[in-house]
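Residue numbering begins at 1 within each chain, and the chains themselves are lettered A, B and C in the order written.
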Amino acid sequence: MARMTAAGERPATAPGDEMYALVERLYPLCRSITGDGVRATLDIVGEHIPLQVHEVPTGTQVLDWTVPQEWNIRDAYIADTDGNRIVDFAASSLHVLGYSVPVSATMPLADLRAHLHTLPDHPSWVPYRTSYYQPEWGFCLAQETLDAMPDGEYEVRIDSTLADGHLTYAEHMVPGQVPDEVIVSCHVCHPSLANDNLAGIAVATFLARALAEQTPYYTYRFIFAPGTIGAITWLARNAERVDRVKHGLVLACAGDPGSLTYKQSRRGDAEIDRVMRHVLAASERPHRVTEFTPYGYDERQFCSPGFNLGVGSLTRTPYAGYPEYHTSADNLDFVSREAMADTLAVCREAFAVLDRNRQYVNLSPYGEPQLGRRGLYDALGGRSDTKQAQMAMLWVLNLSDGEHSLLDVAERSGLPFDTVATAAGALHGAGLIKA
Amino acid sequence: MARMTAAGERPATAPGDEMYALVERLYPLCRSITGDGVRATLDIVGEHIPLQVHEVPTGTQVLDWTVPQEWNIRDAYIADTDGNRIVDFAASSLHVLGYSVPVSATMPLADLRAHLHTLPDHPSWVPYRTSYYQPEWGFCLAQETLDAMPDGEYEVRIDSTLADGHLTYAEHMVPGQVPDEVIVSCHVCHPSLANDNLAGIAVATFLARALAEQTPYYTYRFIFAPGTIGAITWLARNAERVDRVKHGLVLACAGDPGSLTYKQSRRGDAEIDRVMRHVLAASERPHRVTEFTPYGYDERQFCSPGFNLGVGSLTRTPYAGYPEYHTSADNLDFVSREAMADTLAVCREAFAVLDRNRQYVNLSPYGEPQLGRRGLYDALGGRSDTKQAQMAMLWVLNLSDGEHSLLDVAERSGLPFDTVATAAGALHGAGLIKA
Amino acid sequence: MARMTAAGERPATAPGDEMYALVERLYPLCRSITGDGVRATLDIVGEHIPLQVHEVPTGTQVLDWTVPQEWNIRDAYIADTDGNRIVDFAASSLHVLGYSVPVSATMPLADLRAHLHTLPDHPSWVPYRTSYYQPEWGFCLAQETLDAMPDGEYEVRIDSTLADGHLTYAEHMVPGQVPDEVIVSCHVCHPSLANDNLAGIAVATFLARALAEQTPYYTYRFIFAPGTIGAITWLARNAERVDRVKHGLVLACAGDPGSLTYKQSRRGDAEIDRVMRHVLAASERPHRVTEFTPYGYDERQFCSPGFNLGVGSLTRTPYAGYPEYHTSADNLDFVSREAMADTLAVCREAFAVLDRNRQYVNLSPYGEPQLGRRGLYDALGGRSDTKQAQMAMLWVLNLSDGEHSLLDVAERSGLPFDTVATAAGALHGAGLIKA
């Protein structure tokens, strides 16, 4: 599934290419927790998978929060007295402090400085900053740009509106055999940051497409929503049905060059935690599994103590774990087709396990059933080698006592989950176990 | 208990010698899962300990299985056109595929090959093969024998019968103070294989004799039965009383040069598991403790999920763990008096712990009882050394809360089990604890 | 808190100095499990903190024990025929076997030897020996003194009385906000031994004074009682209210040069065990945490299975862990101001944690509450650094589900307990959590 490194033809549908193309299209848009940038983003995602878009009015009470005013921005710049735009929103959506109130003024650099945000340690990078809940305006720029600005008067203009409107989020559902749900959530509120979280959006989109190839066991619900307030809004509007959510995964930072990191749910032993640990270990990829912390992405909300859902978070390098985090250096060069394809592959492997992981009950639990007369066992005895498939059947029979899942069997036996699931299928077919 | 290695007189009753002599007598017999070889084997064991022999008719339903027809064999050979027996059952019971149907034919080597079993990697060894539940005939021979056979016609003859009869197994009971049982099981179905399982039979026989030297606490039941179908038959016929079985041990591969391996019960924390781990560790013998797997010997049946008995398995090198396994190289040279004596010694040590391991209740649980006025404590205070016996009494008193056994006390205190059990006896004698 | 090592002025109230001065005053007194030495000791302690002194008559039944006769001693010596006192109680209270019955006799050295106790391995040290419950008399002396005694007649005299009287112990209480108690216990029965246990008495005394500086949450009860029989007497007289004791600490060997050792309660996971482990680890002092054993100091009684209190024991080098233990070498040179101050500091740190460790319940458990509008959260988003105080609030909110204490939060988050407790205070003040 990794991109071929040698020059040559690649099929147009290779998921790495498709995901990268999606990231490229989304990159220039100025997203925030509300506004037209989110809508444009969802329109583009909607070209790949059908989305149900929700608009929630400003002022709506959502749990402990209130949906804020909608923010939209058309233009923003700092210009010198000659009218040269030194900092220009048109060049990068990062240049304006997110949720800046409108401003139109001329002021000396000395006064302007209080509204300027830079990264002195990375003088050529532009930081990403917001002020959602306190009225404020500001610009983000490279330290070296600031250093080159002579004292004197500057024209500052932010052509934004902050007005009653809506918070926008979308859902996509892959119907399953049972109404029990797996949620996959990613935040859509960050402006021109490729890894955080356009790569996550891309992986979620193509994961949804892959899951729909055949009817899965679970119903999979994909949530594309702004961070924090979006997850809170979704939870508030779905509080009655949140008990349908059996497992979940928050996807973010899905395209950087680092190895994969799975952050466990607050429970730590939720089935998704066990599945992800198993799949990552079995894949022999370098990876990290970390404990839950109440910081990071929207697992914070899904794992708040009142909900306490079995929702973990999959990233490559986790949030704030790389210098490019929340800066202009998290750009299209920072993410790769290969990394996104790898993240997607692990998600598919994990959901392939999760979707088939069930507890069976051995219907012939007293002694071993005679597998031979059912055609499930080699007739010739005495040999010292035993096939994995037969071992898997013995393990499934032995542990199918209503307390062990197929994943338990795989972990205890050391056999691949696939072999175990296949054996369970054979035993189920022979009427020896029931689900 | 180990055999003296220097030349010199050894008492005729040294258990290593006696066990080896028993293995030597049993070795030539052609055992299978039914038939006169099993009966002859039990007759010889019965010279050492009284046995109750059970005969179960062909066709009897036993759990998911049916007792098969009885197999007996008188002669079998492959002869060349000159009448020279190239492969001869009379030389080794391994030469015939176990449960071979009768055959009497002349055929070219090309046709015969489909019925010949060899070990190309060990060209001078004869493999052990069976086909209990699928009608088949065949011969097992050395690869080098086969290589020396010129093309041409061969006379093949297996003078066997497969007919309604019985499955034979035996029990020996050492009555104890309570009806709760410890079972010791070993399989008696393998032909001329010394370690697997004549050594196990020998150790079980002499273990039974040792246990009978004084009335044990538990009732010990020894089961000599063919593998799989024998254990299943025993379980089927004892289903009503299987809840009397509190602990158990499957003995196999008890005489090879490897160190001891204890395979834990399916429960993993059954009392026999804890006892065996403790005794092996305390003995400072090199050894291994392994997790349960649903493959191996008859622990597979005793530990099937419906029964889930606290039955582990003690071997030296475990099944399939040595190249000689299930070949003619598992012969009288492969087992030793010393190894069998060592296996027996560990069994005796383990049962000495198991048999005395009980939970007591401290009848004076508020503060320490005054041991001094009961003559249980040194009168002279202030010394920095304290005798193990006194420490053991304090530990037994402190942990006798109805939740800790003497083995718990030994493990938590680091004191030898024997010291702890002796202390418990003294406290019991003083009326300070009750069982 | 450690004593300054460079020459210079130290405040007269430095706790190390005060504790050492207390040890110096107590050192010459001849204490035993009863008698005037205990009373004099409690009188001196009572000059520092108010004590409630209890006198329990000889013959009183206390649990499995009986309060013994009271022992007092005025003089004791071994003199040669010239009247020279070779061993003299006036020089050290250790010279007489504790609870010696009176004797006045002249006897040859050969007969006297059975009554003499020495330490051959430490020929210049005098051992500490007692015989509380078996009538006996004896002297303890240096081996080199004994070696220098020529054969011949000696006058031996012990002017002691063993008569109906009382067992004496004292309590000091620091009232708290709740009646739930923390007990701090130390033994007061050892004669001229500085580390065991005058240092423990001194640390307990100044710990009590420190706790009273502000009203603690718990009620702290300090128990100064003779070892074993004193703890048993206290338990017998407080059996009805022992369930008020939620936590406890036995203090002993608090002044030697070794690092701190915390011996866990019998439960092993009592809150005091967790607190002590946490504080010792967080302090980065070298230290040891050991499992409970039913030997040592009065934790033996508090942790007897009937009471099973959450009482651990804090020492520096534990009992019998140093050669000076129970010898004349456990003298005023063996303990230091710095060591006692360090022990006191750890006790204060531990009780500061214990006293504030509570479980809270998040009153806004569905999603995160909006901390920003309550002034508890930085308004400016997007930065990759997050302050510890904010992280602590998120952790407290996330884990305040009625199953986690603040100590759990500190351990799981890796944040200092103090930061966590402060965050809990802020959240409590904002009405977001309740106790």
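We adopt the following convention: contacts are C-beta pairs under 8 Å (C-beta built on N, C-alpha and C of every residue); 3 or more make two chains touch, one makes a residue touch a chain.
What you see is a predicted model, and the numbers here were worked out from it, not measured in a lab.
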{"item": "Chain labels contacting chain A and also chain B", "value": "C"}
{"item": "Interface sides of chain B and chain C: same vs different residues, half threshold", "value": "different"}
{"item": "Chain centre separation in whole Å, for chain C relative to chain B (CA means)", "value": "55"}
{"item": "Set of chain C residues in contact with two or more other chains", "value": "none"}
{"item": "Touching residues (chain side chain B, partner chain A) in the complex", "value": "63-65, 98, 127-134, 136, 228, 231-232, 235-236, 239, 266, 291, 293-295, 300-301, 303-308, 319-320, 325-326"}
{"item": "Complex contact set, residues of chain C against chain A", "value": "362, 364-370, 372-373, 379-386, 391, 394-395, 397-401, 412-413"}
